[in-house]
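In what follows, chain A forms one complex with chain B and a second complex with chain C.
Moving on to the complex of A and B:
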């Protein structure tokens, strides 16, 4: 197990280095830089733009900039925002709880809805209810989430002059208000994620339900509920765990759009603003941070197999 | 239905007709077994027809601004209302169909090419090639999709071609895993060993023996990726990073254009979204049906 972990960590760091290189080069190839944006409206006196670039270190050759960036990273320093000069590790620490809370609330709602309905759909296979649930699930993954998000604001506002609360209240300040403020975006994410979980669970439950040990469980007189809970569901959950890992990543990515619609000051909004402002440092720091989370999530998913299914023990790396 | 089939069989001669008959039977069987998927196929067909003839059946000029008639609610004269500049929403939704569908198709075709190329090389060659390619795949999966799209599209400049290529590249790289898995299991089959034993070159084995056996997962990936490609382009346009106005796209209509007016004109965002949702729903139910029919084993692996 230790060897397996070590191997995986080495492999993951190679991928991380690739992410760092790709993002570093890509942001610098975008048209215009932060200095152009800065002087866009006011106009610059001759030499002023060059002086600012010099000061921000943007006039050095790209290789020099990259070496400097790597040096900072090696010391555990994410650098400072080009626009505000703020320490990025602090900025990210402030922003992360917002994105994380949104992802967790979405995940909890989705499991609460997706798991029971997925099981129900599989157990009632072929019934009208099954057909209805499947159609709802596929609808959930097809409906554009940013569309529903806009509608949750625009329809109530137009017809009842009411909108769901916009903005963010930190969880530690007022937990109830905080959850209330995040209810709408979390439910919008749930439409997609719950549908996705229902589909996967139904499919894997159907595979498990026709296996021999299910017949054995029935033959020895276990109640239907115990058969499902103890024998079928446990075995059907493995692919669902993978899926939840993949979808968690999707939630991080989707936060870019949801946070912008609901004015939530999380990582998604931070990266979107930084991208349009050409604040290279912020884009690099946020993508690197998210990539670490994503790669860790994938690793955690793989390791969790061993706990859910003792037969998988990672003897071969 | 069966009689026409038999009639055609006499007309055309046995060989060709049995193929035609086989297709017809397969389609009717599919329609009976998968009513929802058939519905999806019909809706998609309707979408394709709109994509072709859309610009010539618009009730108004989709580009014609008429500020006096701005923000008109759906009703007489303007079936789906007008936007802030007085442009007819129905006409713009119809015109945008072509863009969304074509872009989705282009992205998927390119993505399939990448997925098969990477998946087959990685799965069949193994060793160093596999190791290197898979690390690149890991890195691509590691960057949040929407950020990656925004970044690369801004870098390359937003055009139909660049957006299609970038979405296709991302989808291809990420779904190459499924092709790789399929190739790795086919590689162990006896007929591949047999072909290698009698001296077939690796390229020949790949092209003649491995590829035909991974066609099913490839078709399934294609159908499921089409929906997400169309959604991905819409997210881009929604955020204002897509192709530039005045050419309408659904995402741009409900995002950049509609968001300043969300509380005053909900129809601006509503109707393009309906078109998008219905299209993606149709594609997904069709993809689901195809998957159940072509390869029930794959159920779950590409949800």
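Moving on to the complex of A and C:
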């Protein structure tokens, strides 16, 4: 297991280096820079724009900029925002809880809804309830969630003069208000994620339910509930865990849409603003941070296989 | 209302305004100065006192009306005005504050302001936040309301009357290149460390302005103060500013939000004024919190030096999208009515009523924006001036203009509604090639002949790209682009065949800066003073001279106009320049027009323009 983990860490490190290089180059390939935007409303003095680029380190050759960036990273320094001058480690520390709270609430709601409905749908295969649940699940997956998100604001505003609470209240400040503010975006994310979980679990459950050992379990006289819980669900969960891992990553990286619509000051919103302003440092820092999180999530998913299915643990060992 | 009705009335009003303003001040002596300023402006806007004598010729030395620091409508105490002349007369202004259920005339509105202004309450609005609050080092948009509420400046700009008015400067005298400001007594910094409510001094003004025009390239507005030579504080209540040459626009320019005084000890303590802790002014509200992408909360400054102000207890800026839905739901009090919702309605009132929104107040903010199609004179297609003139003749200005400002739009050349006094008369536009609705067929025929002479016809259509911008959450840029493309094809019978070039905001800004485009279709905020608009768009070194127009004659005209203190003469010179740049020999930009921005407010909030275009939020109140 340790060797397996070590191998994964090496591969992950290579991935991180690639991410650093690609993001660094890609953001600089975008037309325009932050200096153009600084002077959009005013007019620069002769030479002022170039002087500002020099001050911000944007006029150096890209190789020099990259070497400087790597040096900063090596010292554990994510740098400063070109727009605000704030330390990016502080900025990311402030924004991360928002994104994670949204992702975690979405995940918890999705599991709470998707898992039981997936089991129910599989067990009651071919019934009216099965068809109904499958239809809802397909609807949830098919309808773009950003569209649902927009509707959750504009429709009630139009018809009832009401919108879900907008903005963010830190969890530590007022837990109840914080959850209330995060409820609408989390539920919109849930529509998508719960549908995926339900469909995946239903499919794998149906496969497992047809296997010989399930017949054996029934022949042993185990109750239907025990058969499902102890023998079917546990084996059916492996692909679902993979799906959850992938979707959780999607929730983190895709938070930009929900955060933007619901005015949540998280990492997604930060990235969007930074991209728009060409604040390279912020884009690089957030992307690197997300890449680390994603790699760690993947690693956690891999490790979790071993706990769900001992055969995997033993084979890896 | 009046402003968009009748250009001649506007001109008449403007000419009579020097005296009218004084007359109004005399009339209002001892009464409303704060919130009633809006109503006064409305009075002015509706006034057509032809029998009044023409204003006294403005002289290079002009002392402003001295205004009292006590400006509470409720208490109605104001020192007598002692003005001998206004520093710059103001044009007509159409700020319509109208209650939908009990339509009020401007005169009635004045009565309401005096009688019904209530104290307390919160006002919220939605706006994207800036990265920080150091307005010396960032663009103005996004922070101007916060800055306007937190700081005072030497002078502030009365958008409703289009003239600077005293802020911490109680009065000023301008002679040649010298401007001497006398500061109000009793002005104090807000009671936050490290200033802790100490007295405000002239040296704070000098420190702030010197910081803003620092050689450090991060101070991005410094170029706008290039005309300033020295700034001194001979004593604690006097600021002496000298310019490199006589300029009639220095006061208007100093009214910009970015020219805030700063206490030196704040910079010593924090290094900059980016954080809410370091944002310490002398203004009516104190920044309690601010975070990018989150918003800001400001609370009443209990020690504000203008006695009795502000009326409101709290301001809140929210960084949310879909402002209209938030307004409908009552989550914000003020909203810019989205232009894309307005077509099909004859009035804002009609629109709001059709939406079923009761109890609103709407206001037109005479912003400085104007829309046009900007042709790159260095592009192979548009280097041919026959092509540029043909575009000017053929283009139908209405679709783009009425999309941007569905109600109240006017033809204009380079100027926004905030520069209304400097506009050419409507009648002149009607006779002007390309603008007159009555001469469309003739213009189109001449334009097509011009194109044929340049080698373009139905068999060899003229193809080019029109550049527009695209940002998340709004379709305005894309819509304007598509409207322009369809319009050219339709009007020219496909002799003109442009295509769309929609760019993301950052890419668009770079294309502008590098002149990497053929034609731009966009509206721009043109600057507070009409001179700014012409200077930036047409001066050979203008910051927004996207078309790369260059003519030393126009540069000279701009210099002469800037140094002209007689307002009548300035208007005349400005109008001459508009005519000049719209001739077959000079055409570079084909302007479609300008219009007012329409705001709606809930909760009986009065005085939206004071928040939005002049930073006089201390005078905003609820009824």
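The working rule: the second predicted complex is superposed on the first by the 313 of 317 C-alpha atoms of A that agree within 3 Å, B and C clash if a C-alpha of one lies under 4 Å from a C-alpha of the other, contacts with A are read in each partner's own complex, and residues count from 1 in each chain.
Here is the rule we go by: a contact is a pair of C-beta atoms (placed from the backbone, for glycine too) under 8 Å apart; a residue touches a chain by one contact, two chains touch by 3 or more.
Keep in mind that this is a model prediction, so the values were computed, not measured.
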{"item": "Fit or clash - chain C, chain B, common chain A", "value": "clash"}
{"item": "Which of chain B and chain C A:204 touches, first, second, both or neither", "value": "first"}
{"item": "First (chain B), second (chain C), both or neither touched by A:13", "value": "neither"}
{"item": "Touching partner for A:157 - first (chain B), second (chain C), both, neither", "value": "both"}
{"item": "Partner chain in contact with A:180 - chain B first, chain C second, else both or neither", "value": "neither"}
{"item": "Which of chain B and chain C A:27 touches, first, second, both or neither", "value": "first"}
{"item": "Partner chain in contact with A:226 - chain B first, chain C second, else both or neither", "value": "neither"}
{"item": "Which of chain B and chain C A:216 touches, first, second, both or neither", "value": "neither"}
{"item": "Which superposed partner A:127 touches (first chain B, second chain C, both, neither)", "value": "neither"}
{"item": "Chain B versus chain C as contact partner of A:142, first or second or both or neither", "value": "first"}
{"item": "When the two complexes are fitted on chain A, the stretch of chain C hitting chain B, from 472-480, 508-516, 526-534 or 544-552", "value": "472-480"}
{"item": "Those residues of chain A which chain B touches in one complex and chain C touches in the other", "value": "30-31, 150, 153-154, 157-158, 163, 260, 272, 275"}
{"item": "Residues of chain C that touch chain A when the two form their complex", "value": "131-132, 138-141, 216-218, 220-224, 226, 272, 274, 291-295, 318-322, 324-326, 328-331, 471-473, 503-513, 525, 536, 542-544"}
{"item": "Residues of chain A that touch chain B when the two form their complex", "value": "11-12, 14-16, 18-19, 22-23, 26-27, 29-31, 131, 135, 138-139, 141-144, 146-147, 150-151, 153-155, 157-158, 163, 196, 199-200, 203-204, 206-207, 239, 243, 249-250, 252-254, 256-257, 260, 271-272, 275, 283, 286-287, 290-291, 294-295, 298"}
{"item": "Of all residues in chain B, those that touch chain A in their complex", "value": "36, 135-136, 138-139, 141-147, 150-152, 154-155, 157, 227, 231, 234-235, 238-239, 254-255, 258-259, 262-266, 269-270, 273, 276-277, 280-281, 283-285, 288, 299-301, 303"}
{"item": "Residue numbers on chain A that touch chain C, as the complex places them", "value": "30-33, 36-45, 48-49, 51-52, 54-55, 81, 83-86, 94, 150, 153-154, 156-158, 161-163, 166-168, 260-261, 263, 265, 269-270, 272-273, 275-279"}
